[in-house]
Structure formats: C-alpha cells, structure tokens
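As structure tokens, here come the structures.
The same chain A turns up in both complexes below, where it pairs with chain B and then with chain C.
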Partner chain A sequence: MSAAKFIAHTDVPAWLAELAASMRVIAPVTEGGNVLYREFDSATNGVELNRKPTESAKHVLFPRSEALFTFRKEPVPFAPDSLDPATEEDSPAPRMTLTQPEAPKPTVVFGMLCCDAGGVTTFDPVYGGRYQDPYYLQKREATVLIAKACNEPLKTCFCTWVGSDPANKRDADILATDFGNGLYLEALTERAERVLGSKLLQDAPANAEAKAEALHAAAREAIGEVPSLEGIDNTLTTLFDERDFWWSHSAPCLACGICTNLCPTCHCFTITDEKASGAGVRLRSWDTCMAALYTLEASGHNPRGQKAARLRNRVGHKFSYFLKNNNGRISCQGCGRCIKSCPSSVDIRRIVLDAMKKGCAVKEAANG
Partner chain B sequence: MAKAASPKNGPSRKATAVSIESHAADVKKVADSAPAAPATSPASPASPPSGGPEAHGAIPVLTPGAHNPYLPYVATVREVIKETHNIMTFRVTLDDEEVWNSFHFEPGQVGQLSLFGAGEATFVINSPPTRMDYLQFSVMRAGEVTAALHGLRAGDKVGVRAPLGNHFPYNDMKGKDIVLIGGGIGMAPIRTLLYYLLDNRKDYGTITLLYGARSPQDMAYSYELPDWLSREDLDCVLTIDREAEGWEHRVGLIPNVLLEMNPSPKNAVAVCCGPPIMIKFTMEALAKLNFAPEQVITTLERRMKCGIGICGRCNIGEKYVCVDGPVFTSAELKALPNEL
Partner chain C sequence: MSIQAQLRDAILKVLPDVECVIGWGPGPDPLRNAPLFMKTPDDVERFEAGPLSVSNLAVFLQEYKGNKVGIVVKGCDSRSVVQMLAEKLINREDVVIIGYPCEGVLDAAKIVTKLGLPQEALEAGMVAKLELEGESVTVTARGKTTELAIKDVTATKCSICRYPNAVLSDEFVGEKREGLEDSYGDVDKFLAMSEEERFRFWEKEMERCIRCYACRNACPLCVCKDHCVATSRDPHWLTQADSPRDKLFFQLIHATHLAGRCTGCGECARACPVNIPVGLFKRFMNRATEKLFSFQGGVDPEATPPLQTFKLEEPTIQERNWK
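Right after this comes the complex of A and B.
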C-alpha cells in the first residue's frame, strides 16, 4: 500500500479531471437544495465537501434501475407454406436471444461519507453470499471508494451507536481527512493504488497522522453519548408480537418510502419486464419494504399488509435479522437520513432505544 | 376439464437455437456450464464475507464462468393442458440441449417461469425428477404474470430460472408411512412428491393421499385421478367442499376429512400444501392426531422476485422463503416470527 498522501483543496478538481480521463468519477455536488452523488463534470468542478449528501451513494453500485438483460424475439421469415398445418413441423422455430449488459466502467467515488462506505460493506455479504450477483460484484470490483472523514456530525447522526465511526477505516479504500487547506489521504486497501498515482498528490505532512486522529476524535466526541444496543437482535425478537409497541411507533408513518430510498443499506429490489414489438428488457429497480404492494401476493394474501408489520420488518431487518446472518453486524450505518428526511418524524433511534427499554421490561415480566 | 394437448409437442420437435450474447462476462460458457449451477449448489465463495471489520479484502470475486443467476434458460412450451377454469399446466423443455440433458432438480424445488415482456413468477416444478421428459408447471390465474402465462401455446418461448429453493426431505422420509395432503393448487408440489415416492416405491411405507378442491370442476390433474384411485400401492382419498351431482367421493373440508381418516402418526410423516387457511387448520388437525411438529411438512408461498435470497421481500425474520424454503417442518415454522 502506498504511503499516505496529501492534496490541496485547490488541486482537487484537477485531480478528479485527471481521473475522469480513464474512469467514471462520482462526487457529491450541489443540486438545488440537495447534495447528490453525481458524475463529476470538469466544466463546473462543483464538488461539495462541506454539506452532507442528501442521498446515499448506493446507486453507484446498485442503480435505481438497471437492465439485467435484453431479449429479442427473432422474427420467423414469412413462408406461405407454413400456414398449411401439414407442414407445420418443418416451419422454422422462433428464436429468443438474450443479451447481457456491458461490463461496468472503472469508477471512483470521491468524498463519500464513511456511513455510505459502510453501506457498501453491508451490501457485500448480501450480493456475494449464497448466490453471487454479477451485476453488483462486477461494479464493486471496478470501483474505488474514497471516503471523507466526517468533521461535523449532524444532530441526526448516530454512527457510533451501530458499530461504526465518523472516520472508520473499515469500509472504504481510501480515507480522506479534511485539514482545512487540503485532504490527507490514507490508503486502506490495494484498490487505492488505482487512483493515487497522480503528480498532484504530495507526500503527507509529518504530523498528519496525529492531526487526523485528533479531528476524528473530535467528531466522535460530537456525536455524544453512545447507548448500549447489546442484545438488540434478541430484544426485537422478543417484541415481535407486541402489537401496541409497533402500532404506536408506526402510527405517524405515511409509507412514503423515503427512508428506504435514502438509506445506504436498503438493498431491496423488484424485477420487471418492459417490451415493445418482440424486443424488451428485464429490469431490476429499487423497491421499498414500506409499501403494502411489496409483499402482496397474487392471491390477495399479504403477510405485511399493515404498516406496523412493515416498520417492524424494516427495523427488524437492520437491528435483528441482518445480525443473525452476518456475525452480529448491525446493518444500519447511523447516517440519520431516514430521520432527517421523514415527513412525519419517525425516528429509528427512538424505536431502537424504546425497544431496549421495553425489551427489558418484557423479559423481566416473563422471568417473574 | 379436457386435456387439450397440442398436436405438435413431443421430442420430435426440432430443438430451437438459442444464442446468448454478451459483452460482459464469459456468458456463452455460463449458459453451457450450468447443469444445476443456479440453485442446487448455492455458489459458495471460499470465505463468505462477514461484513464485519475483518471483511476487508474478502469481497467475493466472480468465479469465471459462474452462472448468472438472473439469466433464465430459454425454454419451449411443449404442451398446454387446461386443468380447470383458472389453472393451466405447461410442460416445457430447455432449448440448450447440453443444459437440458444435465439439468437436475430435487422434488419440491421451484422455478421462476417467465414470459419475456410480462415478467416472472415462482412455481413449483410439479413433475418429478424421475420423469425428465419435460418440466411441468401448473399456473393458477391470479395476477398479471399468470394471466399472461395463460395465453401461452405450444411452441412459445418462455424463460426458466431453476431449480431454486430447498426440497422435500425425501431421504429422511424413507421407511416411513407417508400422508400427503393437497388442497387446490397446493396439489402441485404434492404431485411432484407423489410421483417421486411412487417411482421409488420400495423405499417408503404406506402412501396415503388426501386431495381436496372446492368442487369437482376445481380439481386439477383430473385425468390422472382414475390411476391414483386404482393403484394398489396408493390410498387415494378425494374430497370436495360441498355436495355435487355425480360425485362419488368424500365431501367435506380437508381438515375434517383428515380427522375422519384418522391416519396413525406412528413412524409417519405428513406433507401438507395448500392455501394458508387450509394449511393452518390442517396443521391443527394433524396435531390432534398426535403428529409431532417434526413429523409435519409444509410449503410456504411468498411473493418473490429474485428467488436467490437477495431482493428481500420473502423473508420471515432472518429466513428467506426462496432459499431457506419453501419447504419447512411445522417445528421450523414455530421457531420463526409469527408473520405467515
């Protein structure tokens, strides 16, 4: 792994432009009132590193909608004889051709949040577990993640509660720390090499490591007290049938799905076909478990027809089911977007803390 | 309920050419190399990433030539049978001869049957692996995809992603008396198991089949019933919900008829498939007959998209019906969150 590097803020656009010559460069940019991860445009150079992105970066590896393959039915040449039933056996058989999409381009995501990088590593066991998902894994292999350590957490941030950190070195390929005049770049994986060859990068200043550590500690401190979520997985299992608990927490929910849309770890999708005159495409697109249609079966049966059941599943998945399948890792990254953007102030922190409190009470009642 | 077989089915039909083009992975190889790659051997990376702090560097890399689990095999409909007013059966063969010749599945496994342009839906393969002339799917018209599938005719192209999911524990059932209970379209998975057991008859004790439907007209596989009723190695009981003219068999709901039949739980296994409400009450009846939860097997139905445990919608707690199921024992279901 290469030594740590430093790049002046004024050189960042030139560096990204350099990378953009051979890679797809994704960076946070201001668009209207939002900060979105978009393809870097060297004409505008508008990288936004001070405000937190409104959306997660998951769409880089898991597009909102992507083609799994296209299909085309080859027309059977018209032959008047084939209209005669006697010769039907000999008529040319139709063909169906399936074509898979092109391999993804080499990509770099610059300036993503550590919680967004954490989202990616929660995707890894999902898309590369029992079955290998080629669409995700090819993009993953082709993509370098440059995370930027969080200097000023928001009031909705709680990454330290869920086993992450505003400057975690677990998830990205490079960790960038903002020194005010530029970015201190620490390579974390072999993949980092792909983007650290530029002459614009300087050697890191002598005291950089300690300086970065101090900034990281300050951000950690700013998030404040970290409540224990020890045993949250089993606690939620205990509360599964507590109807009142789930009804009261889900009462304000409008089932709009913005929580799942902005979440860096929500990975659910649907598969649909689109077709016009014999040719078409099979698409996979983001879906949301907060919608009743998500689990509605053709028979009319719906195992999660009520929003209480859907909220229970979303919280349960992140704080219980995922843990059981992934060595105790909480899939929620604590980015707080679902809290910040919820139109009716559903707060996943409140649900989880209430569950911890309520779970203790239920267990005590059961024990005696 | 006539068997409306097409005249142009059968092995004599020319194999149709299918080409899989790709600019991405080595897909031609993919399509060729996948006898049972999609499901029977859930591609197990050497070290599945835990996602934990140590996960770095353990990101699974695609195995060259590994099957793309989203890419269906192109298949041809060989025969269409109109079973009831809302159930049709399709017999299909895979177009790629090499894949088809090495295709293997286990009784109870499901497949995603798709009509290109309409979409995919999950159905059990209801022909047994002991009879590989075709793969049979029975489709009840209920939504958009099933309505589109009902328009299929012999010779049409479909997509098949199979086999998916787990299967009936036919090895554990060896030497035991078997009670099969199928309600409505739930007879489809039971049919697979029934033929599998009959084709391996000496491995099993007595075989009892209770098959119920709303009315005689709602009974799929009606053309096979005379054989089932006359076989000496099978005790077949048919029932309908209400009296109907000309009906010579039982009348009554499945759980009640089952209680009347009073099968012994001793060294027995019961397998029950049908609509959720029928499963619920049949399980209760089996409990009354002293069948232990471990002796009762059922299949669950969920809305599914990917079929490989990724898209998220078929979970019950941490289990995914598409990969951990659809076959569960009653004991396994009791351990899951109450979200059936």
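Right after this comes the complex of A and C.
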C-alpha cells in the first residue's frame, strides 16, 4: 500500500477534477439547504465537508431505482399459414429481447462519513455473501471509498455505541483527516492506489499520524459516554411479544420511510416491471419495512399490519437479526439520521436503551 | 400561571376519562419537542407546550377512532381536527380538545441560519442548549451563546397565521390572541414565474425527493393511508422509477385530493427530509378554493368541503360574467 499523503484544501477541487476525467466522482454538495452526495462538477459544485450529509451514500452502490434489464416483445410477422390449425405447431413463438444494463463506470466517493462507509460493509455480506448480486458487486469493485474522519459529532450521533468510530479504519479504502489546512490521507486497502497517483498529493507531514490520532480521539470523546449494548440481540428477541413496549415506542411514528431511506444500512428492495405496449424495464427500487405494502401477502393478509410491528422489525433487524448472521456485528452505524430527520422525533437510541432495561426485567421475571 | 402549567392542569383533569392525552414532551435535541402520549400523571410532568411544540398531533387521531383520547392543539392543529370532524373521519365524542393561544413555533433552519450558516457550517444537531424566556430564545452552539428574538425565527406559516387560537375546544386556557392576515404572497411570487420556469423549478426540486412519503404520512387529512395511489401495485399508477416525473405526479395527486380540505398546517413541508417546498402546491389550491367557493377548510365542523358536494348555483362563481 502507498504511503500516507496530504492534500491542501485549495488543491482538492483540482484533484477531484483530475479524477473526474476518468472516473465518476461523487462528493457531498449543498443543495436547497441539504447536503447531498452528487456527481462532482468542477464548474458549479463546491464540496461541503463541514456539514453532515442529509442522506447516506448508499445510492452510489445501491441506486434508489435501478434497471435490472429492459425488455421488448418483438412483433410476430403476420403469416396466413399460421392460421391453419394443421401448421400451428410450426408458427413462430413471440420473441422477447432482453437487454442488460451497461457495466458500471469506475467511481470514487469522496468525503463520505465513516458511518456511511460502515454502511457499505454491512451491505457486503448481504449482496456478496451466500447470494452473489452482480449488480451490487460490480459497482462495489469499481468504487473507491474515501471517508473523512468526523471531527464534530452531532447531538444525534452514536457511532461509538454500535462498535464503530468517528474515524474507523475498517470500512473505507482511504481515511481522510482534516488538519485545518488540508486533508491527511491514509490508504487502507489496495483499491486506494487507483486515486492516489496525482501530483497534487504531497507526502504526509511529520507527526501526521499522531496528530490525526489526537483529532480522532477528540471526536470520540465528544460523543460521550458509551452505554453497554451487550446481549441486545437476545434482549430484543425476548421482548418480541411485549405489545406495550412496541406500542408505546411506535406511538409517535408516522410510518413514513425517512428513517429507512436515509439509513446507510437499510438494504431492502422491491422489484416491479414498468411496461407499456410490450416493452419496459424491470426495476429494483428501495423498499421500506415501515410501509404496509412491505409484507402484504397475496392473500391480503399482512403479518405486520400495525406500525408497532414494523418499527419492531426495523429495530430488530439492526440490533438483533443481523447480528445472528454476521458474527455479532450490529448493522446500525449510529449515524443518527433516522433521529435527526424524523418529523416525529422517534429516537432509536431510546428504544434500544429501554429494551436493555426492560429486557433485564423480563428475564428476571422469567427466572422467578 | 404559565400557559404550560395551565395546560398541565387541564390535561390532569381530562386524563381519568380518556385512553391517553396527546401532547408534546422533550425531544432528542434541544431544538424540538417530540409527541408525548400521556397516560399517567407522571407522564404529564414531562409535558411541554410552547415554541418548540411544532408537530401537528391531529395526525394521530384516526388511529384512536372508537377510543376516547385527549389532544392538545395549537390553532392550526385545531383546524385539522375540525376538518376531520367535518369529514366524519373521527367522532366528536371520541376526542377531548384542549386548546391554547399559540405564539408561533420555531423553525430550526432559521435559527441555524441566524447563528451563522453558511460561513460556520453549523447544523441544528450542534445546538447544545436552548432556553426560552419571554420574547427571546437563547441558543448555545459550539460554546457560543446567542440571544435571538423569537419572532425572527418562527416558522413562516406563523407570520401569516389567521387562527392562533384553537377554533374548537372543550377546554381553552390562556387569553385569545389576534389572528394575522394571509395574502398568499408566496403563491403570487411563485406564479410570477413563467410556466416554463415553474416547471423547471419543480423538476429540480423533485429530483432530490427520496420517495419516503413523509409529506403524505405527516398530513392529518391524507385518508387513503395504506392504499395510496403512489405505492399501489394493482392498479400500478406510478412507476418506481427515480424520476422527477413520477415524484411530481404524486405531489399533484396529493394536492388535488386536498383541495378544499387542506387547513394549511404545513406539516407536509416540515416533514420533508430534503426540504422540498411541497406546501406550495396546497397553498395554491387553498387560495383557489377560497376564491372560487369562499371556503376555508377546518373552520366549521358542520361544513361540507366544496368538492364533496355541489350547488346548482354556486354563489361565488359567475358563469360567463352574467349577473
């Protein structure tokens, strides 16, 4: 792996412009009061590294809506003979033409949050584990992730609670730390090489590693006390049928999809055929377990008819079911977007902490 | 006695007769309250009402249909309750309405802007402390404390609020306030753009819509709930494509269905996580309904919304300008 590098803030736009010549460059930009991960455009977009992006970067690898393939039914040429029952067996069957989408372009995501990079590595076992999803895996392989260490956690941030860190080196390809005058870039994987060849990059200054570590520690400190979530997976299983627990926590929920759509780890999708006149596209688009349609069965029965059952699924998946299949890793990355953007102020931290408290009580009662 | 203390007394009085009283309590950060569902006097201790009580709690009432609940309402929230009563979406005997004179609610984005955006790249989540005192709000962020006048940071809807007091209530605490004028200046300003410009505007805005449907779910008068045209698969009205066209299509359906019903609470726009001004669609419709039918939603529980009935001769519509 290449040595650590440094780039002055003033050189960043030029560096991104250089990369944009051969790659798709995605970076956080301000738009309509939000910070969104958009394609970098050196003419118009100033990169915003000081405010937290409103959305996660998951759409880069898992688009909101992506074409799995397009299809077109070929018209059958009119053949008078085919109307003769004697020759029916020989008549041509209607032909369907399927077209695969183009291979993804080499991409770099610049300045993503560490929690968003963490989201990507929770996608990996889902789309690249037992079931290999070519659409995801091709994009994943073609994409370099440059995460920026978080220097000012928000009131809603809790990454340290869930095994992550404002500057974790587990998930991205490069970790960038803001030294005030520029970014200190640490390569974390082989993939990092693809974007570190620029002449605009300088060698890292002396003591950079220690300086970065001090900044990381300060951010970690700012999040505050870390409560124990030991055994949260089994606790939530114990609480599965506690109606009052889920009813009271879901009372303010509006059952919209803000939390799941902004979440860096929510990865559920639905598939629809969008067609007209024998041609169309098979789309894979984001689904949300907060919606009634998510589990509606063909019979009309819905096992999660109430919002309490849907909220339970969201919390349960992040803090229990995912852990059982992924060596105890909590899928939630603690980015806090579901709290920050919830119009009804539903706070997943409160639910989890309350579960820890109630779970102990339920277990004690069961043990007599 | 403060309005909050008076409201607490009123809630405690109602509490024994209802399943719960819906009000507001502390939120996850200092800039906002969260809905609070009070069942015991202990819960009432946590009740808060004031400039942080932003959410319109009427949105929850339909879930309790058939069970008696209490609800604390600002003027705008009370109009939602009235409109739901007018449309028989809830029963009058199921709801105890506790009203108070609202002084306006805070707009977190305006506070953050006043504190120094964009130069300081501040966000709502960096506000460590917020204190309300009379006409001012004191905010601490990044170790710096700033005093702001509440009137400079209230939601835009509050500066054109015609009904600050609950228009219908079983208990009303405090002294009624004067309403303000609403001349629909925002709609006029928007309509001053050419049709092409307006279309481009919405195309750009809708592009960042994440299709979470919070605008729909935050609306107390969206009644289709789990059977919305936007997500129905059979019939399949809207595609799942991530296109401004489909997203705009839904907004137009939403606004059309709310014509003559919307009470202008603004929750659709507040709920939007990417700040799309979706309230403007409904404001346009509200102005049209007022002009055409002299009708405002959510003022009279006995009234029938104009598009749910017809009159042989509409008194306010002059066909062909005949007198």
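Assume the second predicted complex is superposed on the first by the 367 of 368 C-alpha atoms of A that agree within 3 Å, B and C clash if a C-alpha of one lies under 4 Å from a C-alpha of the other, contacts with A are read in each partner's own complex, and residues count from 1 in each chain.
In this text, contacts are C-beta pairs under 8 Å (C-beta built on N, C-alpha and C of every residue); 3 or more make two chains touch, one makes a residue touch a chain.
Remember, it's a predicted structure, so these values are computed and weren't measured experimentally.
With chain A as the common reference, chain B sits beside chain C without any clash.
Of the two partner chains placed by superposition, A:A14 touches none, neither chain B nor chain C. In the superposed model, A:R140 lies in contact with chain B only, and not with chain C. Remark: in the superposition on chain A the angle formed at chain A by the CA centres of chain B and chain C amounts to 100 degrees, rounded in steps of 10.
By the touch criterion stated above, A:N327 is placed in contact with chain B alone, chain C being left untouched. Judged by the touch definition given at the top, the superposed model places A:L353 against neither chain B nor chain C. In the superposition on chain A, contact of A:T272 is made with both chain B and chain C.
Of the two partner chains placed by superposition, only chain B is touched by A:T121; chain C is not. The superposed arrangement places chain B and chain C with a least CA-CA distance of 5 Å. Shared contact residues of chain A, touching chain B in one structure and chain C in the other: 270, 272, 274. Of all residues in chain B, only 8, 12-25, 27, 42-45, 48-53, 55-57, 59-63, 66, 68-72, 74, 76, 114, 116-121, 142-143, 145-146, 155, 157, 275-276, 301-303, 305-306, 308-313, 315-318, 323, 337-340 touch chain A in the complex they form. By the touch rule above, chain A contacts chain C in their complex via residues 30-34, 36, 48, 50-52, 54-55, 63-65, 152, 154-157, 248, 251-252, 254-258, 260-262, 270, 272, 274, 281, 283, 285-286, 288, 291-293, 336, 339-341, 343-347, 349-350. Touching chain B in their complex are the following residues of chain A: 68-69, 71, 73, 88-89, 93-103, 121-122, 124-135, 137-138, 140-141, 170, 188-190, 237, 240-241, 267-275, 280, 282, 284, 287, 289, 294-299, 301, 303-304, 309, 313, 316-317, 320-322, 324-329. Those residues of chain C that touch chain A in the complex are listed here as 27-30, 32-35, 37, 55, 59-60, 109, 118, 121, 123-128, 205, 208, 210-214, 216-218, 225-226, 231, 233, 236, 239-242, 267, 270-271, 273-276.
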